[in-house]
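Next come two complexes built around chain A: one with chain B, the other with chain C.
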Partner chain A sequence: MAQRTNKHTGLTRVRNVIRKLCSTPLGLFSVIIVTAFFVVGITGDWIAPYDPIKLDIRAKLQGPSSAHWLGTDQVGRDVFSRLLVGTKVASYLAVTAVSISLAIGIFLGMIAAFTSRWIDWSMLLIFDTVRSFPTLMFALAVIALFGPSINTIIGIVVISTFPSYARLVRTQVLSLRSMEYIEAQRAMGTRLPRILMRHIFPNVIGPVMIVASMDIPLVIGVEAGLSFLGLGVRPPTPSWGTILNDGFSFIRNTPWIVISAGLPLILTTVAFTTLGERLRDILDPKLRR
Partner chain B sequence: MTEHTPLIEINDLAIKFGSHTAVNNVTMDISRGRIMGLVGESGSGKSTLANAIIGLLPYAAQISHGSIHFDGRNLLSFTAQDWGKIRGKDLAYVSQDPMSALNPTLRIGKQMLDIQHFSEQSTTEKLANALAALEQVRMPQAQARLSMYPHELSGGQKQRVCIAMAIMARPKLLITDEATTALDATLEVEIVQLLKELQKDIGCSMLFVTHHLTVVEELCDDVTVMHQGDIKECGTVSEVFSNPSDKYTSNLLTCDPSRIEEKCRRLPIMFNLGLKELADPETDRKRINNKSRPLLSIRHLDVTFRKPRSLIDILTGKPKQRVEAVKTASLDIAPGETVALIGESGSGKSTLARAAFRLVPSEKGEIYFDGTDLLSITNADMRSFRNEMSLMMQDPIGSLNPRMPVGTSVIEPLIVSEKASGLNLRDEAIHLLELVGLSADFVDRYPHEMSGGQARRVGVARALALRPKMIIADEPTAGLDVSIQGEIFNLLAELRESMSLSILIITHNLHVVRHLADRMVIMYHGEIVETGTTENVIRAPKHAYTKVLLEANLQAKYGV
Partner chain C sequence: MIQFVPGDPANVMLGPRATPELKEALRERLHLNDAFIVQVYYFFSGLMQGDLGVDLTSNRPVLGILIEQAPFTASLVASTLLVTLLGIPIGTYAAVHRDGFFDKASGVVSVSLIAVPPIVIGLYLILFFSVSLQLLPAIGAGEGFWEILLHLVLPTLAIGLTWIGYVSRLVRASMIEVLGQNHVKTARAFGIPNQRILRAYVLRVALPATITVLGVSIGFILSSAVIVEIVFSRPGIGKLMYDAVISRNYPVVMGTVLASTVFIVTATTISDLLNVMLDPRTKDEN
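Up next, the complex of A and B:
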């Protein structure tokens, strides 16, 4: 019974947050872009007007027209279709890489905060070591070992981002651990898993989610960067990075290819970052009235 | 300006936060060279008024009409530059929390230099000023303090530094907002004495904002009583305190437990003065079961904290630092008895309570609960004892999970101890909340949607969820207004009779426990220095610290 009311108020709270998000032009913009990003990511295959990998050499490097909204590339593929389908790669990466990284980071962070100081210190040392690798060098090394694929990119992103989540969670848990309500739970004999899940996790997840939403553009950027270097998604699979790469060679005569892949990249980056910042402002209890 | 006009003239001032009126058409004067006490319950608008005088209202606040004149100048027309010229010079402010009022990364001397930015003196001269100010606030070893950081000073010393900084420019008006509230009773007396002397030396006016009536009586010349944004009464202290003309003021005075000489079974509260009921020694005797063995018996308990060593400390072979928080403490509580554990902050009284719940490890000694030594059993066995004793934490709101509705928090002990099966949890939560006088709709509220007094009631409800034999309450009335203190007091008094509870109250506020406790245990620097029945301890204290404490708390008028 009490559970149900709990969920109910949780739902109204989510609705309130969304309403507040949409109340400013920038917030509304970010909500629209982020929603569009995921909708296109899921439906891209079906709404694309052309087959994104079908070659048509006769129609190469055409400018934007009513038939090809964003023109065609050097082998005559429809750029608009490639962009829509490429969004799938971007959104798939963003969701999987960030959620795997989050899960690992939260788990390790909580463990670090609740075990002996020696384990805590060793884990911190590992986190910091991993974090100190330059992402690009690390990525090149990993790709040299395992070959370029979308799973390799996910692995690279997970390994290079989970330490920052783990550190964030650890600090949050450490400060929560000495709160009186946690001590009150210990006094009444609550077991550690329950304290972690019911009393610490809900109070930690907010700030972590906000950092995560700001990390999503980073992930998309890494994929685009690696694909641009030819180390990401295998051609001919379309992704924003491969489209950029294709267009880059012809930037002088046919700039629309680079623009049509670059613009969504910039827009989603700005939208996710704004969303994260707005969320932080709305959810931070100190800023809440 | 002539010497006869008031220093501060507030005329028909109204301050609003959105649609909420915080200060409602206030007219008030502060005379030159006098100390004005501003009293009221939390939310009465007294801090808002004080902030308006020094121009530090939050952005959300709006002054809808009225005026504030300082020395004949209209403060409401001041620009940022104008404020810069008089703040810290003519107007000085001492805030409530000395811990956060000082910059933790700067030395005291540096901070005292910075505050003299308006002066054109050389650094050496400014340092001399700082030293003189520290000496003026009776800071021991003033010279050495200049090169110390705030964390190296005690709470009382930090407040002295804050006051020294405020008086350094010899202000015309010194505003203190609850400047003694965060301090122990003994320190409070010291600071009040200091303020009184300083005011005489400098000849400034003072606005002393507080909710503590006794301090006002001790320190102030005039007093203004505020309630819900209105001024209820204004006059000299002797007039107002001996013969209040307003109903609210007289109720406030009647409810102050320090003004009730006799031991009470029920304290009067703001809305029901008739509730007052004197204690009856006969019922008290019946309630306590002295014949059987004590419910809780702590024997020669030692609690020692070891400061964790850093890697460098370990490598250089630095020995572990030990802090003895509790030293060979012994304490008995009979079934049905109420014992007050009294001591200043840092005396180890909270640690003693935490040790009883095995929240901190004990070094030596035994803790018997109902005949079982809690320190020699396993964690699993300990769990069943956790159902029979409850710990109420100090901070009423902070001891509740901020993301959990109150109804869920209250039944948490039932779920944790696996006694929830077969119960309608929502009904159980409502029942518990009604037991402590809260209505059923509190079930869905969140901690931040409640007042301190309501959250404290929720804490009591949660402590009672498993029908324990004993409650240990850490500062149950700290930070609450006088009338709400009374309500919580009455609630505990009622519950111990209806549920035959043993209660251990940890506090430094003698005013309230004097009425509630059967016995007092005084703790000083980790040791229990005195135990005895409440009457005996108050009438004939043995230990020197007890005497100081009683003097600070109760003052001579109650025949201590």
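Up next, the complex of A and C:
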């Protein structure tokens, strides 16, 4: 656990982890889907065969065909193009919200572990209070106050996920703190920020990344849920949730919209969860459940 | 907090054509002209007397509406918890036949179920069971015992499948841990039948873990209930909250938030108490 990492071994370790990941069919599947998710998220605008917001009433609610692979919606927009461009919202949200949340969580977790007991306890109390409230209900209350937008969703995701990172980091740091090499550093007079950055941080980042990877499905689910309710991304911007909602109104006669909007959601959420599980098995066999 | 939001509740209630005098009278009645701190005082003193304010659109007391809607959500949550128990036999079987086909298949399926958002599960269930097969109703809550049960099936599965997956993974993990322990090995050595070992030693250890998880999960289940109630057009606290948020009906939003908090606190307390009953070791820790 407590080993020093420098740049050479760091790179080989990453390569080793990726090789191990790809050695099982499930691991390979998750790596491919996750990579595709981010690639499409970045390039969606260019690779989409049609303009995702261009109306074409004459072509409305068509079934899948060679012109429109996944059919068209109620105003004739190409569902496949909308899904590709909708990936942008999902991947943007996954990256920004989870990174902000990670940064806050790691920072607060390290502080909680290294400060006085009272601050530690009051931080724990706040973390647990925030964590115990249902995400979607919290989201609804926040949206009632600030109105729907993608930034509101980021805020909601950050507030509801950072406590679990902070708690995890805190536990990790507490066990590291009493390690001999950390005590030796302190005895040598190394300043706390330096110890935290150079010796503690590399050791806590692994476990936290695993949890983060497993939280991405939650983020994607919250966005899809809120957009489905009309409280997330504003139309006409396509997102998986708004496409689901479009399809839901016509579920009885034209089910392919819901089916095709559900598929990327299923694929990415399953892939991220599997990726997290595989990473955990590889990096930290002790955590395996 | 709600008081800081732009938009005047008086406008929401009376509409754009109301006269200034009417609005003023309403503001006076809702204490909207008082300082913020005074409003907070009114809210909490009302709360102590069981008065949560009135619904801005229908003028009915919020508490009454909550009591009317709560059973729908409570029955949904209760049936979800019941369904979740299915995870225990699945997890047990997988743990006993470790690395067998069932174990591997259930592993993949449960991880997928855990990952996929309930909204997608719900929509696919509607597609499959109500649209294609036309077996189960997808809309409303139903009337009469049988109808109510039928209307509960799909919403329950939409939320519960995730937790069946979760519980089966958890039970499997804790069972495998216990199965490897010395007292189980000794029991095996004495020739006690497998069935009895499972019931007497292993399940006892696996159950508390499950109950703890379910206690913590109540928050998530409520969260999913909001979506599921809307997708299935079921009445309930979640739907009530959503409608209130859309129409800026703040007293109702406050009421639903309060109700769900009470619900969560009660559920976690019950799960803690159950755990102490089932597992005497936890008593010493407290």
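Here is the rule we go by: the second predicted complex is superposed on the first by the 279 of 289 C-alpha atoms of A that agree within 3 Å, B and C clash if a C-alpha of one lies under 4 Å from a C-alpha of the other, contacts with A are read in each partner's own complex, and residues count from 1 in each chain.
Please note the rule applied: a contact is a pair of C-beta atoms (placed from the backbone, for glycine too) under 8 Å apart; a residue touches a chain by one contact, two chains touch by 3 or more.
What you see is a predicted model, and the numbers here were worked out from it, not measured in a lab.
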Kindly classify A:25 by the partners it touches after superposition: chain B alone (first), chain C alone (second), both, or neither?
-> neither
In the superposed arrangement, does A:269 touch chain B (first), chain C (second), both or neither?
-> second
Taking the superposition as given, does A:220 touch the first partner, chain B, the second, chain C, both, or neither?
-> second
Report for A:193: first if it touches chain B alone, second if chain C alone, otherwise both or neither.
-> neither
More residues of chain A in touch with chain C or with chain B?
-> C
Of the two partner chains, chain B (first) and chain C (second), which one does A:179 touch, if any: first, second, both, or neither?
-> first
Spell out the residues on chain C that touch chain A in their complex, using ranges where they run on.
-> 1-2, 4-5, 108, 111-112, 114-120, 123-124, 126-127, 131, 169-170, 173, 219-220, 222-224, 226-227, 230-231, 238, 241-242, 244-245, 248, 250, 253, 256-257, 260-261, 264, 268
Contact footprint of chain C on chain A as seen in their complex = 26, 132-137, 140-141, 143-146, 217, 220-221, 224-225, 228-229, 231, 241, 244, 248, 251-252, 255, 258-259, 262, 265-266, 269-270, 272-274, 277, 289
Touching chain B in the complex, chain A uses residues 1-3, 5-6, 9, 117, 121, 179-181, 183-191, 194, 198-199, 202-203, 285
Mind listing the chain B positions that touch chain A in their complex?
-> 308, 311, 354, 357, 359, 382-383, 386-387, 390-391, 393-395, 398-405, 407-408, 411-413, 416-417, 424-427, 429, 443-444, 448, 462, 466
